[in-house]
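This is the structure I want to talk about, given as structure tokens.
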Amino acid sequence: MALVKLIEYEDASPEVRAVYDDIMTSRKVDWVNNFWKALAGDPATLKRTWESVKQVMAPGALDPLTKELIYIAVSVTNNCEYCINSHTASARKAGMTDAQFAELIAVIGMANETNRLVNGYQVEVDGRIAEAARQK
Amino acid sequence: MALVKLIEYEDASPEVRAVYDDIMTSRKVDWVNNFWKALAGDPATLKRTWESVKQVMAPGALDPLTKELIYIAVSVTNNCEYCINSHTASARKAGMTDAQFAELIAVIGMANETNRLVNGYQVEVDGRIAEAARQK
Amino acid sequence: MALVKLIEYEDASPEVRAVYDDIMTSRKVDWVNNFWKALAGDPATLKRTWESVKQVMAPGALDPLTKELIYIAVSVTNNCEYCINSHTASARKAGMTDAQFAELIAVIGMANETNRLVNGYQVEVDGRIAEAARQK
Amino acid sequence: MALVKLIEYEDASPEVRAVYDDIMTSRKVDWVNNFWKALAGDPATLKRTWESVKQVMAPGALDPLTKELIYIAVSVTNNCEYCINSHTASARKAGMTDAQFAELIAVIGMANETNRLVNGYQVEVDGRIAEAARQK
Amino acid sequence: MALVKLIEYEDASPEVRAVYDDIMTSRKVDWVNNFWKALAGDPATLKRTWESVKQVMAPGALDPLTKELIYIAVSVTNNCEYCINSHTASARKAGMTDAQFAELIAVIGMANETNRLVNGYQVEVDGRIAEAARQK
Amino acid sequence: MALVKLIEYEDASPEVRAVYDDIMTSRKVDWVNNFWKALAGDPATLKRTWESVKQVMAPGALDPLTKELIYIAVSVTNNCEYCINSHTASARKAGMTDAQFAELIAVIGMANETNRLVNGYQVEVDGRIAEAARQK
């Protein structure tokens, strides 16, 4: 059970309702999920977080599905059950296939492994790699 | 400085050289980076890790650039300097633009933030989200 | 269900009871929570951990509520459900208001985000900041 | 070396300069640190992040020093060298004493330890604690 | 509930059954646990992961129980409930006593604490330690 | 450079010197490493941490080398450079061979990978495993 009260639409202030309305309109859905209802006790954080997520996840140089995959990669690494569920749902809605999901999880697993092989041996960055990684 | 000796090609056993050769051929490069040279003191791990990475990162349902972005997302979340550098280099080589890199980092940051908003409020997964996240 | 047996007061050895008594006296409560009951199978760890927590969380240069907020910040970052619950309970008991809790969670979220923006771009510490961070 | 170019004031667009100006005015300093210069290659993220940080770190129900301590707790748990340095510098500027810093680090250490004792024994949240942790 | 379907033996392809058979034979058990059933939707990852685990966990320079303890240390640090449960079960089967488990958890807790004391104070590696840590 | 002054033996108070003496005697060395010198600005934390480490790392149901391997597993997972160096040095001193070190790192890598495969698929603990993991 959440540590704060979830604010339902009918109990929400006009300020909170405006955010809920924008969430539903932007996502073309008729309901708001628990994450936003938990944030709604702190309207400034609700508004800031929603506007940030909307900006960051908008189609741009990366398409929305790719952004969802990245979100899942972070959430799986951090083991955030809510976020893994909600962004897997979003990714499926954005067209992620079962085969894509399987490859995503395999890459996440591999990266977490090699991160620790590197840490364990304290491998230093190759000069050529440092050079190639940098913005020209 | 790495905690183990880096094995150079000229000092490598035939078994290790075979892996180095495959790395260079597969990647169309004429050198091997420190990560593999550090693993080479343990040829079984070198071979297994290389074959795993080759399998996991091969083009499939996800394209190689998307896989590199996912790798970076994990490595940034874990703060693995070597891995951030090497996979950013690979991503650039695979065509990642500066604008894509900027969006990638923005999504990684946002996901790490909302993961903790969820944890902090102990938000429970919505039934509808759990349903939508699952394989049909 | 815990991986070890929880030791109840009536089943506890005198050594464990002494710690339980001190916990209840120090906290002015008449019960002991599961964390200590799980540790009690290892009396040396129980005693050491309790004495360490008592020392570290005592009022000093920082007041007890501030220490609870710091504890929550760590526990949310690590996603430790038990610890988030128990230290949120302690913080509320120590006077944390809903508004303070909301600001706490917002700061934790923001810090987790900017930590990754820094990692992602591999930003180097400014000389002036390094200087200002150090003990004079 | 950062993976992206640091944008100096003299090379910045008006949009970026406006953020830099606001940072310097708000903080009453005459320079901008590397973090913002790295973000400046992505003006939308620069602006959003600065406005978010300004909102979140403003005095409110928690005072600015307490917020800096929370920021440090997250950054130390995640091992973000830049963030540990910059927020320790900010905390010292906001009046953090050496004794407060020492107690902060001690609490962070203890929380990271007990988080894992809880994980290791898979301790379940006590009903009373769950109740006391929740918003009334 | 898992995000993918668990593949039961009777519904498995010959390729998946071959892995299941090898798991049961190697472990001298007559059932397969959920982890493998979840991976089975991606037979290449199932096969690669099983063969990797079999190689890595085989008796070698370290005995199987020690390897299980190391596995638990990682899983507790990352707070992976499934992995803590499954490797504690394996460790008990390999002979881990209650006293060994208690010491294991105590070391894991202590290491997580001192890791953050080091981070918090940004302690630099002593030259002598760096020297002694390296392969001769 | 550390964020606090390192206290040298000649500048230390009798209280701090007593801890330094005990460290050197217990470890049969004639010097104290930076970790303790950084903690020494907070004598209560220095004393508590040293006594805790001494208790936890003492030979018991697990031998000292096994404890060092566990310490390394945590430190590599958390990417604590100081701790990886210092405990690898201690492990080598306690007799860790190159082959053992290589197997240790391989297990750490594998555990970090499978932890995320489990998270990614949200695999639930098997009833049999939960039963087998618990203390009888």
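Note that the chains take the letters A, B, C, D, E and F in the order they are written out, and that residue 1 is the start of every chain.
What we mean here is this: a contact is a pair of C-beta atoms (placed from the backbone, for glycine too) under 8 Å apart; a residue touches a chain by one contact, two chains touch by 3 or more.
Please read these numbers as outputs of a predicted model, since none were measured by experiment.
Novice: Taking contact as defined at the start, I'd like the list of chains shared as neighbours by chain D and chain F.
Specialist: Joint contacts, listed by label: A, B, C, E.
Novice: Provide the C-alpha centroid distance between chain A and chain B, rounded to the nearest whole angstrom.
Specialist: 19
Novice: CA centre of chain B versus CA centre of chain C: separation in Å?
Specialist: Centre separation, chain B to chain C: 34 Å.
Novice: Which chain B residues reach two or more other chains?
Specialist: Where chain B meets two or more other chains at a single residue, that happens at 1-4, 41, 45, 49, 52, 77-81, 84-85, 88, 98-99, 101-106, 108-110, 112-115, 117, 119-122, 130, 133, 135.
Novice: So how do the chains connect up here, line, ring, star, complete, or something else (other)?
Specialist: complete
Novice: Please give the residue numbers of chain D that touch chain E in the complex, ascending.
Specialist: These residues of chain D touch chain E: 72, 76-77, 79, 81, 84-85, 104-106, 108-110, 112-117, 119-122.
Novice: Applying the document's contact rule, which stretches of chain D touch chain A when the two form their complex?
Specialist: Result: residues 1-5, 41, 44, 48, 52, 55, 130, 133-135 of chain D touch chain A.
Novice: Would you mind writing out the residues of chain D in touch with chain B in their complex?
Specialist: Checking each residue of chain D against chain B gives 3-4, 41-42, 45, 49, 78-80.
Novice: Okay, in this complex, where on chain A does chain B touch?
Specialist: Residues 1-4, 31, 33-35, 38-39, 45, 49, 52-53, 56-57, 60-62, 66-67, 69-71, 73-75, 77-78, 80-89, 92-93, 97-104, 106-108, 110-115, 117-126, 128-130, 132-133, 135 of chain A touch chain B in their complex.
Novice: Over in the complex, which chain C residues touch chain A? Could you list them?
Specialist: Its residues touching chain A are 79, 84-85, 88, 98-99, 101-103, 105-106, 109.
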